[in-house]
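Both complexes below contain subunit A, partnered by subunit B and then by subunit C.
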Partner chain A sequence: MRQLIIQSAVSGLLVGGIYGLVALGLALSFGVLKVLNVAHGELVMLGGYAAFFLFSQMGIDPLVSIPLVFVVLFALGVALYWLLFKFVVRFDIETRIKNSLLISFGLVLILQAIAVFIFSGDDRTIVTGYSSNALVVTGWVRIPWARSAGLVVAIIAAFALEWLLNRTTFGHAVRGTSEDWTLASLTGIDVRRVYMIAFAISAGLAGLAGSLVSLGYSISPSIGLGWTLKALIVIVLAGLGSMRGIVMAGALLGLIEGLASVWVGSAYRGVVALVVFLVVLSFRPQGLFGREGTHV
Partner chain B sequence: MSEQVPTDRRDGMFLMTLLPWRATAGIGRSTSGWQVMWWLLILAATIAFGLFSDNERFLTLAIQTYVLAALASSWNILGGFAGQVSLGHAAFFGLGALITRELWLGGRSLPVAVVVALLVTAVAAAVIGVPMLRFRGIYFSVGTLALAVAVFLTAGNLWPGISSLPAEALRAYEFHARYFSALGVVVVTVLFAAWLKRSKIGLGMMTVREDEEAASATGVNAFVYKMAAFVISAVLAALAGAVFGFFSASYYPQFPFSVVWTFDAITVVFVGGVGTIVGPLIGAVFFVTGRDLLSSTFPELQVIAFGVLFILVVLLLPGGFVEGGQRIYEVVSRQRRDSTTPTEAESEGEKQEEKERMDEGHE
Partner chain C sequence: MLKVDNLGVGYGDLQVVWDVSFEVPSGSLVAIIGSNGAGKTTTLRALMNLLPTITGTIEFQGESIVGVPTHQIVERGLVMIPESRATFASLTVADNLDLGAYTKRSRGMRDATLRDVYEIFPRLAERRTQLAGTLSGGERQMLAIGKALMARPEMLVLDEPSLGLAPIIVEDTFDEIRAIRERGVSVLMVEQHVEMTLELVDYAYVLELGHVAVQGSSSDLMTNSGVRAAYLSLK
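Then we have the complex of A and B:
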């Protein structure tokens, strides 16, 4: 029993890393552009397929192709910004959330249908030579390499983003824009460019998450909304303003799900996580790691 | 949002005239008898269609439209009137479908089953509303979404098998009974929404939507109005769900709880015109016929084409079809006005009256 609990906790933490990674991208586009991109999970899905085909057609290892997938999704993010979100950011902030919700919901339909059309509805997983290898701790707790990559990449991405936002000129422009875009544009910041790049980075992060999902788990055209929902919950749980906090909240959500599957049964793991989320939301509306007074 | 108030007002006019206790109150003074005629004509056409058509495909499409229109109108009360964007509406739709169907197939009469379903939903909504309505904005949206997904998963765990009508019920399956119950539910929902919009409760809801802080500061009990919107909207959603439970020959009991219903309803409301009475009706007709036309013409690309069409509507008509129609109407009437006499003073008077009514709602 103790073995089962620890094993489930470890698996939960590892999948939680990917929750955190998906949430990082969503938080970036939400925090900066004030748009709610429900199609973020679909970008994860497309990233997964990119990594899958780079591996199966060209033999590039998914851990090596990560930067490539990031670039591909970054470019897709730029394209989506020019085609759709450019028009959304013209509105005032309340209308932006509503319209982006609707437009990205249309995008969900389109991207899912395209994926079914091109890739078929089958489940796919990248099977590498090291897929079944695991680090075995104290004789019985297995930590699969392929899955731990998710947590590691999530942590690296969080630190990289924090560095970008806090230490670079571009990062200051991003933060200024997300605080108050009118003031930012008055001080000479090119708000449109900030929006475009922030959205593209958000798509790129979704791509990273996707390649790790297809490496450690499996992808199919319909996985998107599930990941978006998890990411939304993680963001509200963490509160905006801290990238590290988002990854921690993701890991926490995974951990809760893992433990719930042991204690309550795997059929209710999702339910338990959602209930915990609602309870946390009731008592700490600014999120677990959000600053006092900051609201999503 | 405040600049939309005159739009809201004119839209409500259409239906106001159908309500005898208001038609004489002088509020509907700018409503022409033609509008009443149009509404009665449409209603008569739908009734005639139900009486004389035996085309099962068209009857099914009509029933789908009515269920979606009723569900969208119910969401509109919470999301459009009170401004609380709930992403968990499917939970109440599912609850209505589940309870009605279980009781009905368990041998109770249909009306009893529906009444029980509505009462249970009302209590459930009131209980859930207490913690949920403390959340604001995006927190409320994500909170209700989380709740609906939890309910969806639980329903799937508790009722894993398909729920089918028994053989003798299937043999006696009558499309027209379904058609008229769905039509009845739409009419009830829309009339109720129209009445609510003109009532003091509805004004309170809109006051909360415009500015909750300002409303509270002037003595409006925001929580009470939000709770009223939440419960009313949940009960009407359950009513739509009850029709769906009655209509479906067989389905997974989990299906009506699916988040797809919420998204469809919200889509319909925004495409039609949020906060208006006719918007959800127009939106539902557009949504169901659009989906059906595309699936019969481009079976492979229908979803893609629908997604593109949907995005175009949202981008080009941010206020939905109602606002689009409004703009055309204004352009046309301005041209007509230019050729006759200016009536600026009249519209000023309307605004003044609107303001007075809003002030009334504050007390």
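Then we have the complex of A and C:
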């Protein structure tokens, strides 16, 4: 029993890293553009297929193709911004949220249909030579390498994003824009350009997450909405304002789900996670790591 | 330097500024004065293309800036300090000043300008790691002006710099505006404190209900009986 509990906790923690990574991207586009991109999970799905085909068609190892998938999804983010979201950010903030919900729900349907058409509905997983390798601790706790990558990449991405936002002038411009876009434009910041790049980085992060999902788990055209919902829970749980807080909240959600699947039964792990989520929010409405007055 | 002709501005179908014309010659200090709702802020917002103009022309350094995106107007050297929330509360003092020099025209001179700004406002140097949202009203005003100076403006536009400040800090602010003009930067300011403003500026336009009611040099306006009666509460 003890073995099962520890193993579930470890597995939960590892998948939680990916929850955190997906949530990082969603928090960035929501915090800066004030648009809620429900199709964020579909970008995860597309990133997963990008990594899958880079591996199966061109033999590129998923751990190598991670930066490549980031670039591909970054470019897709630029395209989606130009096609759809640049029209939404002209409105006041309340209208932006409503309109972006409608637009991105449409995008969910379109991207899913395209994915079924091109990739078929089959589940896909990247199987590499090291897929079954694991670090075995004290003889019985298995930490699979392929899944550990999720948590490691999430932590690296959080630190990189914090460095960008806090230590570079462009990052200051992003934070300034998210606080007050009028003042940002009066400061000489091209707000539209900031929006485009922030959205593209958000899509790129979804791509990273997707390639890790296809490496450690499996992908299919319909996985998107589930990831979006997890990311939303993580963001509300963490609160805006801290990127590493988001990754920690993601890991925490994964951990709770892992433990719940042992103690309560795996059918109820999502329910237990939501109960914990509600309890946390009733005691800390600003989120576990949120700071008041922060915007990204 | 700045020449505005027959400007008309409004919000949607509601026009609030009609046929406003004014001019800010190079190196001068000009004010637009008037009571609440006269259209002063609306005029400035149109200047920076935060609101579309309905009629009229705006020329800055001989070129039309109507329809030019706000950030490009700043790039040309026309910099505005809005009346409230003129600094990024969630950023530190140093990061606010860093962003002040975001434009290409100011970027290369950032370090030199920053030294100047810290020399003018030593208080900002002491507080450089503090979040702007935690500063006092007077310090925030210094930061707003310092941030605007970081952009190396040809012309500075200030929207009610006295708003919400204690009288003694308003005096400091007006001294700083005088000093900015002495450094060769043209200044356009909007104010409700008519008497103090007329003592500061060269020339002023009085805006009433969206029209220019009176204009003249500050000494003329101080002796104008209509202005005295309406704004100076002196008979």
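Operating definition for what follows: the second predicted complex is superposed on the first by the 291 of 296 C-alpha atoms of A that agree within 3 Å, B and C clash if a C-alpha of one lies under 4 Å from a C-alpha of the other, contacts with A are read in each partner's own complex, and residues count from 1 in each chain.
Throughout what follows, a residue touches a chain if its C-beta (ideal position, glycine included) is under 8 Å from a C-beta of that chain, and two chains touch if they have at least 3 such contacts.
Everything numeric in this text was worked out from a predicted model, so none of it was measured.
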| item | value |
| --- | --- |
| Partner chain in contact with A:64 - subunit B first, subunit C second, else both or neither | neither |
| Touched partner set for A:191, first subunit B, second subunit C, both or neither | second |
| Contacts of A:117 with subunit B and subunit C, given as first, second, both or neither | first |
| When both partners are placed on the shared chain, which of subunit B and subunit C touches more of subunit A | B |
| Contacts of A:180 with subunit B and subunit C, given as first, second, both or neither | second |
| Subunit B versus subunit C as contact partner of A:169, first or second or both or neither | second |
| Contacts of A:264 with subunit B and subunit C, given as first, second, both or neither | neither |
| Contacts on subunit A seen with subunit B and repeated with subunit C across the two complexes | 295 |
| Residues on subunit C engaged by subunit A in the complex (per definition of touch) | 48, 50, 69-71, 74-75, 79-80, 82, 85-91, 95, 98-100, 102-103, 106, 133, 147, 151 |
| Contact footprint of subunit B on subunit A as seen in their complex | 36, 84, 87, 91, 94-95, 97-99, 101-103, 105-110, 112-114, 117, 225, 229, 232-233, 236, 267-268, 270-271, 274-275, 277-278, 281-282, 285, 295-296 |
| Interface residues, subunit A side, partner subunit C - complex | 169, 172-173, 175-176, 179-180, 182-183, 185-191, 293-295 |
| Contact footprint of subunit A on subunit B as seen in their complex | 1, 85, 131, 134-135, 137-139, 142-143, 145-147, 149-150, 153-154, 157, 259, 263, 266-267, 270, 300-301, 303-304, 306-308, 310-311, 314-315, 318 |
